[in-house]
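Look for chain A in each of the two complexes below; its partner is chain B in the first and chain C in the second.
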Partner chain A sequence: MFRHTRLRLITLALLAIGAVLYGAFTGYFGLEVLTEIAILAILVLSLDLVAGFGGMVSLCHGALMGTGAYAFAMLASDLGLSPAAAMAGAIGLTGAVAALIGAICARSHGIYFIMATLAFSQMGYSLVFESPWFGGDDGLSDVPRPDLSAIGLDLNDPRTFTFWCLAALALAYLVAAQVLRSGMGRSMVGLMHNEKRLRALGLTAWRVKAVAFGISGAIAGLAGVLAAQQTQYISPGLMAWTVSGEALVVVILGGLGTLVGPLVGALLFVMLRHEVSAFTPYWHAVVGMILVAVVMSRANGVYGWIEHRLSVRGAHGKPIEPEVENA
Partner chain B sequence: MLETRNLDKSFGAIHVTRNVALKLEKGERRVILGPNGAGKTTLFNQLVGEIQPSSGSIHLAGEDVTRLSVADRARRGLSRSYQKNTLFDGLTVWENLGLAAAIALGKGTGLMRDPLHDPEVIETVKEVAALVNLGRSLHAPVAAVSYGVRRQLEVGIALATRPKVLLMDEPTSGVGPEMSRGFHRLLKNLPRDLTVLIIEHDMDLAFDVADTITVLNYGEVVFDGLPEAARNSALLKEIYLGSWEDA
Partner chain C sequence: MPIDPGFWVLQTLNALQLSMLLFLLSVGLTVIFGLMHFVNLAHGSLYALGAYVAATVAGLAGFGAGVVVAPLAVATLGAALYFLLIRRMRRAGPMAQVLVTFGLIFVAMDVTRMFWGDLPMGISVPAWLNGQLDFLGIEYPAYRILIIVLGLITLAALTLVLTRTQVGAMIRAGVDNDQMAACLGINVERMFFIVFVVGCALAGLAGAIAAPVLAISPDMGLQILIPTLIVIVIGGLGSLKGAIAGSLIFGFVQTFGAVLAPSLASILIYALLAAVLVLRPAGLFPTKG
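Here is the complex of A and B:
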């Protein structure tokens, strides 16, 4: 079950303070990197919600992110909705699509679930790549940003936009944490541990999976909306299965099933990409080696390793990680 | 409360249960006996809906539930414990019981409240924990508790749903004499209006708690009656029980 341990709360506080301070004082490039981290963090948060706590390892979250981006662009540009309404519509639509995928894939498990979600991902990619409705391989441009001038905010200002994305990340985290503490979240965790027993207790498993996948998809859709707003351009590449694969790498790198770990993973991944690519174009190889080391160490990602080390040390001395939430 | 009519299950040419007809009254305690392979667990699996019978029907409180799903039958008050522990290994004992209670109370799918902090769920968990003697292990992870505690939890999860009919598949399987006596007390302390169907090999326990005894052999009911009649049945001695009086 999900718990906000003291370590996790401290980590969240440090990440939040670090992000706010960095965002307040850094230059344009730094803001771009921070925005990139925030958007990736929202995506991996959505994936960890279902993969880490529900055992639903998905390879379609990139496509769901793309669905959010395309839906936002088309609702705002083609249907002329206000960007705020288009955002709500895109997130809701992505959630509905994800719930449908979740309901269809609910009876499959493990590798079959992964393959089923990959199939949906590829169908989505093919659709936007081939169809002129979605701009084909040219994608869609002139994606607008919401107008928040009524509250004195200009999202065309890079710093304001970065904080917009950070606020969205905070909201996504709160939603994910709330879901995990709710009956739905508890049942989803139970399904991961023993689906047969939960059915025998009276739970309709596919419905729980569909709703959980839908909520996760809506969060991924939010990441897509922000990605579209960031570059104000979207292309089918956003829906490629490699985006989903990358998100899975980040979740595993950070710590599957910790909710906080993937945030750390997103930070590490984007920093590595920028720092290592300055020295070599083969930065993926470096990330790959780190991932192999993490997996081979049998630690649950970088953050899982830190949690484990500190809990072991705590076990031999003063407890350092008491549970804030009492079962 | 629970009735089967001509329940038949075959896998190809092999008949696992044949024309099984049972009728349990409300509050009845019935023990099912039978040698290995007699079809006892297969009968349970049909009763809860984990496998569909080839023919015949199952009725719960007068309703035909034969075609209902496992979850639908559970929501109507049919609960079971398994011969092999079927727990939520990554969770604590409290969370195991709380999850079961929350689902039974219809609080397992909400998005706003934490059911494990719900007063009704907490009350149920405390009651069940006291009943199955889990008070000292409540906050331990299931993976860290002993086999005996896991057996108690197996039954506790089934009880946390506050069922109308409880099916227990060899609750004392693999436990020592002391723990077996604990189960004995547990069965005696169950609410009298709860209908209980037990598969059990512990003869002392079976004859002490049973109001009625059903014996299966090769998937057929070969005896259905009072414990005393079962004790004196030559047929049962021959096919299964042997000299249980010496046990």
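Here is the complex of A and C:
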């Protein structure tokens, strides 16, 4: 079950303060990095929601993010909707697509679930890559940013846009935490631990999974919309399955099923990429080795490891039995 | 719709050639999964490595040497991987395995870039394989016939070993129920090792013989991974029959889809996969789990 332990609240507060201070004082490059972190954090948050709390390890979240980006671009450019309406439409559409995928895959478990979501991810990628309607491999350009001049904000200003993304991240986190505290979220956690028992209790398993996957997809769609607004250009590369794989890597590096951990993971991952690629072109190899080491160490990512250490130390005198979160 | 019989023969051969290539890759992956319940996403990277080794050795000592050395080199690497990583990850869940091998993909891709550079490499085949063969009234490249023949030989050999020999019986027993097999005195651990190494060697062989028809590039392992996974998921993880059926289905759907319905071709195979997963979540020929 998801709870806001004191450690998690402290971490969240530190992350928020750090992001706001950094965003307020850094230069153009720093703002780009911060925006990148915020968007990745929204994506991995959505993935942790279903993978960490529902056992639905998805390899289609990159494609869902791409769906959000493409839906936003096409609703805004081709159908001429206002950016705000296009955002709402894109997020809703991605959520609906995700709910459908969740419903179809609800019967699969473990490795089959991973493969099934991978299949849908690739289906979306081929569709976008091949179809001239979606710009093919050229992608789509001139994606607009919303006009918030009514409340005195100009999103074409890099700093304002960064805070726009940070605000979206905060909203996404609140939604995810609220979902996990709701009855639906608890049912999802229950399904992960013992599906048969919950079925016996009268729960419609596929419906819970579909709704959860839909909500998660909508959050991933939000990440996609922001990614499209950030670069104002989108290409099918956004939907490649390796994007989903990387998102999963970030969730694991941070700590699966902690909701706060993936945020830390996103921060570390983007920083690592910038630091490592500054002195070697082979940063993928470095990330790969770190990933292998983290998984082999059996720790639940960086943040999961910290939580574990602190809970062991907090229990001095008592038998060392780490408090198992979310169990 | 073309009615020329030559067209159908040609496309059937193309489909068979793709199927056989995928079969070589998927059979190793699927038997490893069936026996060890281990998901090796890095299987495609082993295939890419096979292609690179073959190209390098072929440049020094001729094509034949490349095709022989590549599977051996990849099998050696597979043995090293087994002792360093795979053995320890056996008891971990599928999620941890997917992630560790995903990390290996990253490492392997950059290692090939370090040694062989970013540019695609070519590999030339000997003159006697370079020509065209007359086959049922059409001209077909001799080398592609060789791929089909090699695939069929491997298929026959594996079928024989698995169904007619004692080792095969032991492997099948291990796939059915590894604990029971161990109780009956079979050294399951050693069998795992052998199967893993043979699977790696087959991936290396696939890379070596695919090298002349496809461009050798650092991401070729990543590109072949998805088709291979589709093959084994359609066929059913862990079954030889499934790998055969899956490769043939993939080869024919992909090839004929591309000529008969080009606009649908790329989606067709994924739609088929989704349909299989919905109707038969454990694939067409599931192994008893």
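List of remarks:
One rule holds in what follows: the second predicted complex is superposed on the first by the 316 of 327 C-alpha atoms of A that agree within 3 Å, B and C clash if a C-alpha of one lies under 4 Å from a C-alpha of the other, contacts with A are read in each partner's own complex, and residues count from 1 in each chain.
The criterion applied here is as follows: a residue touches a chain if its C-beta (ideal position, glycine included) is under 8 Å from a C-beta of that chain, and two chains touch if they have at least 3 such contacts.
All of these numbers come straight from a predicted model, not from anything done at the bench.
With both structures placed on the common chain, the touch criterion links A:T35 to neither chain B nor chain C. Of the two partner chains placed by the overlay, neither chain B nor chain C lies in contact with A:N300. Looking at the shared chain after the overlay, A:S235 reaches neither chain B nor chain C. Residue contacts after overlaying the shared chain place A:T258 against neither chain B nor chain C.
Once the two structures are overlaid, the count of chain A residues touched is higher for C than for its counterpart among chain B and chain C. Of the two partner chains, neither chain B nor chain C is touched by A:T5. Contact with chain B, but none with chain C, is seen for A:L198 once the two complexes are overlaid on the shared chain. By the touch criterion defined above, A:G183 lies against chain B but remains apart from chain C after alignment on the C-alpha atoms of chain A. Judged by the document's definition of touching, no chain A residue lies at the interface with chain B and also at the interface with chain C. By the touch criterion given at the top, residues 48, 50, 69-72, 74-75, 79-80, 82, 86-92, 94-95, 98-100, 102-104, 107-116, 139, 157, 161 of chain B touch chain A in their complex. Looking at the complex, you find that chain A touches chain B at residues 1, 178-179, 181-184, 186-187, 189-190, 192-194, 196-205, 207-208, 211, 327. By the touch rule above, chain A contacts chain C in their complex via residues 57, 104-105, 107-108, 110-112, 114-116, 118-120, 122-123, 126-127, 129-130, 241-242, 245, 248-249, 252, 281-282, 284-285, 287-292, 295-296, 298. Contacts from chain C toward chain A in the complex involve residues 39, 85, 88-89, 92-96, 98-100, 102-107, 109-111, 113-114, 222, 226, 229-230, 233, 237, 263, 266-267, 270-271, 273-274, 277-278, 281-282.
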